[in-house]
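Below: a set of structures, written as structure tokens.
Next come two complexes, and both contain subunit A; in the first it sits with subunit B, in the second with subunit C.
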Partner chain A sequence: MRRPAVHVDFRAKLAVFALMFVLSALLIHDVSVCLAMLFMTLYLCAQSFYRAGIVYFLTGCTIAFLRSLPGVEGITILLPDVLLFAILRITLVIMAAYAMMRMPPGEITAAFMKMRLPSALALPITFMLRFAPTVRGEFRTVFAALRMRGLLSMTHPLRTFEYTLIPVITRSTVLSDNLAASAELRGISNPGIHSSLRLIRFQKIDSLLLLLAFGFSAICLYIDRWVMT
Partner chain B sequence: MASSQNKESTRLSVRNYATIGIFSVLMIILAIAVAIPAMSVLYFSLFISSPLIAFLSAPLFTFMVLKVHKRGTVLIYCLIMAILYLISGTPYLAAWFLLSALLGELAMTGRDAYKKFARITISWIICSLFRATNGMIDIWFFSKQYLASGVSKAHFNQVVHFYYSAPWILLILLLTAIGASLGGLVSTKLMKKHFVKSELLR
Partner chain C sequence: MIELKQVSFSYDGSAFPVVHDLNLTVQKGELVVITGKSGCGKTTVTRIINGLATHFYRGALDGQIVIDGQNQHDIPFWKIGKRIGAVLQDPSSQFFADQAIDEIAFGCENYGMERHEMQRRISRAAEKTGSTALLDQRLYDLSSGQQQRLAIASIYAISPDIYVFDEPSANLDSEAVERLRLLLGALKKEGKTVLISEHRLFYLAEVADRIVCMKNGVFTKTFSSAELSRLNTDDLRWFGLRCAALPVLNTRAQCTHKEEAMVIEHLSFAYKKTPVIHDFSMQIGRGEVVALTGPNGAGKTSLARILSGLITEKSGRILVEHHSASRRLRRKLVFFVMQHADSQLFAESALEEIRLSAQAPEQAETLLESYGLSPFKDAHPSTLSGGQKQRLLLAAAESMKPSILILDEPTSGLDGENMRLLAARMREFAARGKTVLVITHDQEFIALACSRLIRLEHGRKIFDKQIM
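Showing the complex of A and B:
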């Protein structure tokens, strides 16, 4: 029997996301970033996102290894170290965002309502989180159709840009209308008090997770600033 | 009855929020897709990245504004950006984007401004210029942290050389404004050619 995943409250996930964002900007050494990634892998695995956790962690370790190789230092114009530096830190942030993007939109909306965030901001952000994981698929479908028709060409960049962008806009419009209709059907614009089938409560596990996240971040910063230098 | 319906239609609906959210994601992803590879080439990241993002994202911004065509669209788009900067631990950039939200929305004041391509382009130029200055603010006010973040000294020196020179800054901003204007021009043609003709936009 499969063990049920740990349920983490949206607000705790948001706090972890912000923490990782700040950490990615503060950490200087790649080893400490990889250490933070290890924590995020455990965090993702605890929520049953095993594949994503392991893939992102291995990607991070590979980038850190490439940066450690001699000869990849930045040279005036070509700066591979800056690129790898950015990708490594962005991967850490993506790991934190992944857990949020995989949440049911209804739960995010309910959490935002509990946070008393104005609907003018809560609704677009909810739709953003719902849409973000599908963007890659949208572009892939459009590129596949263009490739099949032989319309992908580097010799006509503007035409390729037009042929790519117009279907993406059209598909996104249809998707946004469908998502809005679905939300309307569930009574999202009802001015009354909204109820949710899901329990939106900051539980002990969320407090424990935040404590661990802050503790691990402090360890990473300590290693980064005092042990590595 | 009719007047109450008209009054209702000026407010942003759930459908409008969905459009703003989804097109904001597309613009953010497009910006990341251009900015990250640009980091590996210094002059590209300094001079081409921002104008290119302004050019490529313009049709998405124009479509979003025309589709919603209600007051507050630009404001909410910029506020979303400000929230992202706030979460990312750069509250100074969030404050900077609040100013962008106010100015971008101010450019859209007046009757039917949300349906005029020229006004939308002006608003987009404002948003793009604010985005182009992000890197400069990092260097001007947080240069120690920037250097301490692990970037090579060679890269830092080059960036400082350009970001502390008024003519170079003006050139970067000018290129961004040109990129956003050209993007607005191309967007106008694309919107008329595809979406106005098919009546997806009115």
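Showing the complex of A and C:
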């Protein structure tokens, strides 16, 4: 069985996600965001997600570099500076979400149960984590179809956006119905105890990770507020 | 045992029942097939039995459903999965996990099984479905046949007494269909009760105890396998059924006399350093309908994507109508109809869909009529049935007047009537001097529509023959 080099408990991952979410809203300077991304790259690499970690980090650095160039107000009309600002911060949050999205669903559900979270909250989150990659795949198919029909146009971005959205919504509705139906038919709504093939245990490594995450976040905030200004 | 007593059902928001006055008894250990035209209510019957119809789709149900002597109404929905395992039409859309082993474990985890019991059941389910070697693999890297086996394994691990399948062969190659047939036989031997909603009947002839035909929401006729095989072509057409035995394809060595529409020379392609197409060469003539077959994962769809200019070849040369064709030119001359019509329809009405990218928008209505879609010209494409969507997409493709049309599994999920309509349309298209390349596993469709057969395995051309 292919296992990550370091197994991190879902609850620790959730805490890191929450921390990065808050940090992305608090950090003003791109350098400090990149620093936080460096930590997240190490976090992903430790779990064997090397490619994702490096790609996200390089994307972040490139965006930060482009924003630092004098007189550059974004990349064309499609990616204005304000959008680049947002993408950079969203990338940081995505890095934290990535490690959760790649977890087995049973482990997530069982961890939620252990956290005594109501199923009304736990089930949609489990579902959302599974659904994100599916929607990404659908976008790819729709873009290919638009290209075939000669409807993918950079000169009419709004029209292209409309054409993209309609089939993605239609297909996503079908797929989400299938996914939810299949989960219901395999007992996801069982109000009783859910078990997990993988061990659900908050270990020393998880505590250490949380300490490091808090420490690194504090350093990023310190640099952002007191060093960079 | 399953018992339906005077069952009628209508979906939420619909005044008319989709199925009505259904009476059916399936004994323990029986394998029963429900068949009929698209939209006749087959899938709804499977949803009624596994509880999705009332609990998930929130429709109105009349009548009684009895599962192993207990009224289904009295069984909590989350518990139904322990008794009735359901495999949906597209296995990839029902996967929750990233890795195969976690997908098999999913149901066991939800029912709170102990870890050692779970591990035992996973091993047994993987062994039974021939998926042991797949346990460590990512689900999205697997072929359709392998995904289908894992979908069954994830149900088998829960160990229900009843299995309900919705068109399990829709996306499978012939080898995977044969594996499925053996697996169904093994389930039956174990005393499991199996109910299958299906268009393709050839692989079920030996294992099915009964074949129940449906039309407009009611059960019309029940056949034994022997009776089904005795039906003539007219009877099959009347019921909208596929053939009970696969037609034999008589082939002879390929001889090319026709004017060349496309020439492919030494084409190679790799995906993330994994070779997909190796040194592939072929010529396709004008007016040919070529079937491209081969196991799932053989590289057929990648080849189609290259030929239609969606992706770039690693090496090799492609000529369309005697000119070296760049990706851009290929996108103009070749049209690729991918799987899942829903992802390829963009307009707000069927007529608008044709006009959207038509070379002659004034002919849109005529084209719509030729595909039998005139009554639906103002309908939103998403409200059409699967067969109608498929035809609308083909009409939209034809409106762009491509020289070459490529279709990926166009008969997946199509009933006999729609499949025959499509075959006739492809022959007509080719008769106008156009070229059609069809990726398909459907031998019945090949026999009806295609003039040539090419088989691809591991990215290499294995044979290329003329169909007589």
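Criterion: the second predicted complex is superposed on the first by the 179 of 229 C-alpha atoms of A that agree within 3 Å, B and C clash if a C-alpha of one lies under 4 Å from a C-alpha of the other, contacts with A are read in each partner's own complex, and residues count from 1 in each chain.
What we mean here is this: a residue touches a chain if its C-beta (ideal position, glycine included) is under 8 Å from a C-beta of that chain, and two chains touch if they have at least 3 such contacts.
It should be emphasised that the depicted structure is a prediction, and the values quoted were computed from it without experimental measurement.
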| item | value |
| --- | --- |
| First (subunit B), second (subunit C), both or neither touched by A:211 | neither |
| First, second, both or neither for A:180, with subunit B first and subunit C second | both |
| Subunit B versus subunit C as contact partner of A:110, first or second or both or neither | second |
| Which of subunit B and subunit C A:42 touches, first, second, both or neither | neither |
| First (subunit B), second (subunit C), both or neither touched by A:150 | second |
| Subunit B versus subunit C as contact partner of A:227, first or second or both or neither | neither |
| Contacts of A:54 with subunit B and subunit C, given as first, second, both or neither | neither |
| Subunit B versus subunit C as contact partner of A:193, first or second or both or neither | second |
| Residues of subunit A at both interfaces, subunit B in one complex, subunit C in the other | 126, 166, 168, 170, 175, 179-181, 183-184, 188-189 |
| Contact footprint of subunit A on subunit B as seen in their complex | 12-15, 17-26, 29, 32, 36-37, 39-43, 56, 59-60, 63, 67, 72, 76, 79-80, 83, 87-90, 145, 148-152, 154-155, 158, 186, 190, 194-195, 200 |
| Complex interface listing, subunit C residues touching subunit A | 50-52, 55-56, 77-82, 84-86, 88, 90, 93-99, 101-102, 105-115, 118-119, 122, 135-136, 140, 154-155, 158, 305, 308, 310, 331, 335-336, 338, 340, 342-346, 356-357, 382, 396, 400 |
| Subunit A - residues contacting subunit C, complex | 1-2, 102-107, 109-110, 126, 130, 133-134, 138, 141-142, 144-151, 163, 166-168, 170-171, 174-175, 178-197 |
| In the complex, subunit A residues that touch subunit B | 14, 17-18, 21-22, 25-30, 73-83, 85-87, 90, 93, 119-121, 123-128, 131-132, 135, 158, 161-162, 165-166, 168-170, 172-173, 175-177, 179-181, 183-184, 188-189 |
